[in-house]
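See the structures that follow.
Below are two complexes that have subunit A in common, paired first with subunit B and then with subunit C.
Then we have the complex of A and B:
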């Protein structure tokens, strides 16, 4: 595995794309979170908004770039034909995939920490201006608060799981554009389909299955009882999606010609 | 020359099986998801323990679904004539969200669009043509007719004198502070108005609409019962055939499970003073399903179309075919335009049958399930059908332009999806405030989705006019123009870069 990791790391580090994308993850997450924290307002106590969730809103933008990173790392090789060389040098395909997934996820987690911390800082600075004040029942955001810490750590893990999910889908689909479409469609359109469904029971089930809806339940700090899934269970749903994508992608990688 | 370029691009698009399959899939997605959505929609109403088909809303003369519920105290009028009355006071009650669950929370007050005044109506049937001049809770004096038309008079409320005069098909509404100095509020022309009509006093009070933000995303609105009691005096009726007694009609009242009217209106006449109590509204119906709901699958089709068209543009760079293409047709800008035209036209040709067939099919299925779809005029329906197909076509042009600009498939696909789909998703299905959602749908390419809105906003009807409820901040074609502008600018940039850069 060390050789595979070293080889994948070399490929990643020697092109400018991944570095820029990781920077993009941080910038997009913090920027969108900051905008959300700036525009939301809470006019009176009991406005029903979750300040932590608002300040982590940018994770929904950051995840698109995480998906792009994973897709670029995997499908880039198929686009250029490099994959033939990779697999000739490292014939144990499952291990190669594991090395790729480890690296992409590790880098995402590394970028996720500053992205999430920056978002919380932006929220801490901007939210009081929109009425999220102690008088309205919103103490300043702080990681000393157990729920906030869970939301922050969970958001970083969520980004990591999105990286795994995208890696698996990319290996299965191979084409860059199709892989981007599949991952972004799964992430962004599932919530729309959930809202479209009129039957409330079915809506609840779909909500529990949707990677974004269920996964971001980990960001909730208020009104946990009304959520269709609990915070960690929601992250478990994304983990299942990621595992299914990786297993499917791994099997296809073993069975198909490259 | 141009024809040959177009033919070359069409040949490239046509001969890649995956791309044709993608376009066909996008059109099947529109149809399939539309039908799935329709099949999943059910509604049932109960009358006591018995389940009955839900009542369909009444239709106005122009075929529009309307709400026509108010208390009407009227006499018959043959030919020309008129009525004068003074509205002296308006009081009422509003039901608020329960503070203690299960305990009714009713306060006294009048909602802004509570209305009381005088009316000429063709008959007491729901949906019949009418013209009325009225005092409202907070919007001053208004003259309204045929449900959608509304003209503002002076800003003051009660007490106020009102006068309505019928001359043939023309009805003139006037107001006065003292019964001597009259100013015209407006005139209504009710074409084909019958010789014998009803003329009298009315009161109505629309539900109090409150919007609740859903913590899971989106928002929901709830309408709660309100009622207004208007006191009127100095009532005089002029004209032939008006000599009979006042007849009282609780127009559109629903019967409760016990057979008694639900929230009945009331009328108390005491000498020359009349007190009318009414609930409901006289307005276009905006609460039922819309034809564009059947086209929600377009969002998913859009992702497929973007993926196909980005590939169509970038595959040439990956395979080196671009050099052959530019050797055969060295005028690079033209090549970019030809590619975009072929992409747009092919997408439109695949999408149009699906967008044309889906709404009527979905409407039929929904009708079978007891769900009513708001009828719209033929022109509006054609605009929605053609507009949504054109939306996909312009998205295809934008995707080709971004593909030529970035040359890398993944980057172009993410850019196109982020520009088109993400703002729409955030505006309609997230916890963003309505005002931010509106700006997203004004400034980003997602503004183009406005072309699917079939029911307009009515300034005189209270409602939840937010993107989450299907109301776009820009008019349909203006929103579509924003998307087109983005596509044209992107294509221009792509052509410019193509000329300047080595392929």
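Then we have the complex of A and C:
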């Protein structure tokens, strides 16, 4: 896989798109987190808000750019027809897909760390202004707190899993616009459907299946018992989605004509 | 590795369309093999099957005796140019070759060698999206040669090239074949392969309709005809026709005569007092020979 990784890395670093999108992941995540931390109010003790979750809200914006990155890296080649050159040069298709997925995910994790740390810092600075003060039961955000650390690390992993999921879907769908639609639809429509469903049992099941709802459970630091899935189990749900997408995409890549 | 391409009994359908219908031929080293036929004859599909991009429904294709997808560093076995437009426009020509080189375990030095070889060095660091068709063609040839492969396969490399580029590629292909490589070049225009191809594989409706040497083909198509160059063509035509020859009017001041051998034509024109400046054996062009050959196969020439 060494040659495949080297070639795919050279491809990634010789066009401006991936670098800009990675920068976009950091900027969008921190900016949206900052806005969320700035507008949320906790007027009195026991307001019931999860300060960590509020300050990591931007991950939901960052994930869209992660999806765009993965889709651009995969589908950009289909749009130009360069995929024929790629598969002629690297005929072991599964290995080539693995190399692509490894790099996109690695870069996403690399961008996810500053994105999440920046978000927490913004929260630490901005939240006290909205009443998230020690007097109301909110000590300043700190990674020394085990739950906060888990939420932060989990958010980074979540972004990495979204990258894998999007890579798999993009390989299966091939068309850039359709792949964007499929990934963003999966990520953003599920939570809306969950909100619209009346039946509580069905709602709970959909919540558990939704990659965003279940996946972002890893950000929760309060009220864990009332959530349909636990933090790590939720991340496991996203991992299952990512694995299914990659296996499906990989099989299609192997079986279909290029 | 033996420098050959072997295509055997390939069949492939796309929905209701039959793209390949028993395509079988062999490309040998040391000569340029032209792969000709109208658009839709199955030339590109055959090449995609050889490269392992498309899977055939039946039959197989081997490169140097091995299936392409079993090759670990395939570009060192086969160099291919499929579509000169298949580039990501934001990447420079040099970077395009660089990732290809890295995929084969080759380095930047080989890339720069090839950029010099194809004359693309001055534009190498510019975005490939801004390249002319001719420059893309040169970049495609450089990519095909990157691994110094014994087998080359080029799909319509002349498309969109200016006359200078066409002459360049022809010379290039001849010298690659002279080095002992097997070179397969597809084209839907025979005139492009004139003086380049030594052998022809003619495809029509997904199979091979002829697999012949170019010299043999042209000799057959020329059919011992004689060209007469004369300023007095009406008189000459009358005299020759009177003696039982079939005469057709050729380009400027020439007649193409079939029937009597050249000696008889000279004697006949002399006896009738018709002046002429040249009498020579007629040599068909490759295009004529091709039309002559495919005329008998309905549907080959659309």
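Note that the second predicted complex is superposed on the first by the 258 of 258 C-alpha atoms of A that agree within 3 Å, B and C clash if a C-alpha of one lies under 4 Å from a C-alpha of the other, contacts with A are read in each partner's own complex, and residues count from 1 in each chain.
Keep in mind that, in the parts below, a contact is a pair of C-beta atoms (placed from the backbone, for glycine too) under 8 Å apart; a residue touches a chain by one contact, two chains touch by 3 or more.
Everything numeric in this text was worked out from a predicted model, so none of it was measured.
In the superposition on chain A, A:257 contacts subunit C only, with no contact to subunit B. Of the two partner chains, subunit C is the only one that A:89 touches; subunit B does not reach it. When both complexes are overlaid on chain A, the residue A:173 reaches neither subunit B nor subunit C. In the superposition on chain A, A:77 contacts subunit C only, with no contact to subunit B. Subunit A has more of its residues touched by B than by the other of subunit B and subunit C.
Look at A:7: by the touch rule set out above, it reaches subunit C but stays clear of subunit B. Of the two partner chains placed by the overlay, neither subunit B nor subunit C lies in contact with A:159. Looking at the shared chain after the overlay, A:51 reaches neither subunit B nor subunit C. When the two structures are aligned on the shared chain, A:15 is found in touch with subunit C, with no touch to subunit B. Common to the subunit B and subunit C contact sets on subunit A are residues 76.
Interface residues of subunit C facing subunit A in the complex, by the touch rule stated above, are 48, 51-55, 68-69, 71, 73-75, 80, 82-83, 85-92, 95, 98-100, 102-105, 143.
Within the complex formed with subunit B, the residues of subunit A that make contact are 36, 39-41, 48-50, 53-54, 57, 60-61, 64-65, 67-68, 71-72, 75-76, 79, 175-181, 184-185, 188-189, 191-193, 195-199, 202, 207, 213, 220, 222-223, 226-228.
Against subunit A, in their complex, subunit B makes its touches with residues 37, 40-42, 212-213, 215-218, 296, 299-300, 303-304, 306-307, 310-311, 314, 318, 408-414, 417-418, 421-422, 425-426, 428-433, 435-436. Touching subunit C in their complex are the following residues of subunit A: 3-4, 6-11, 14-17, 76-77, 80-82, 84-85, 87-92, 257-258.
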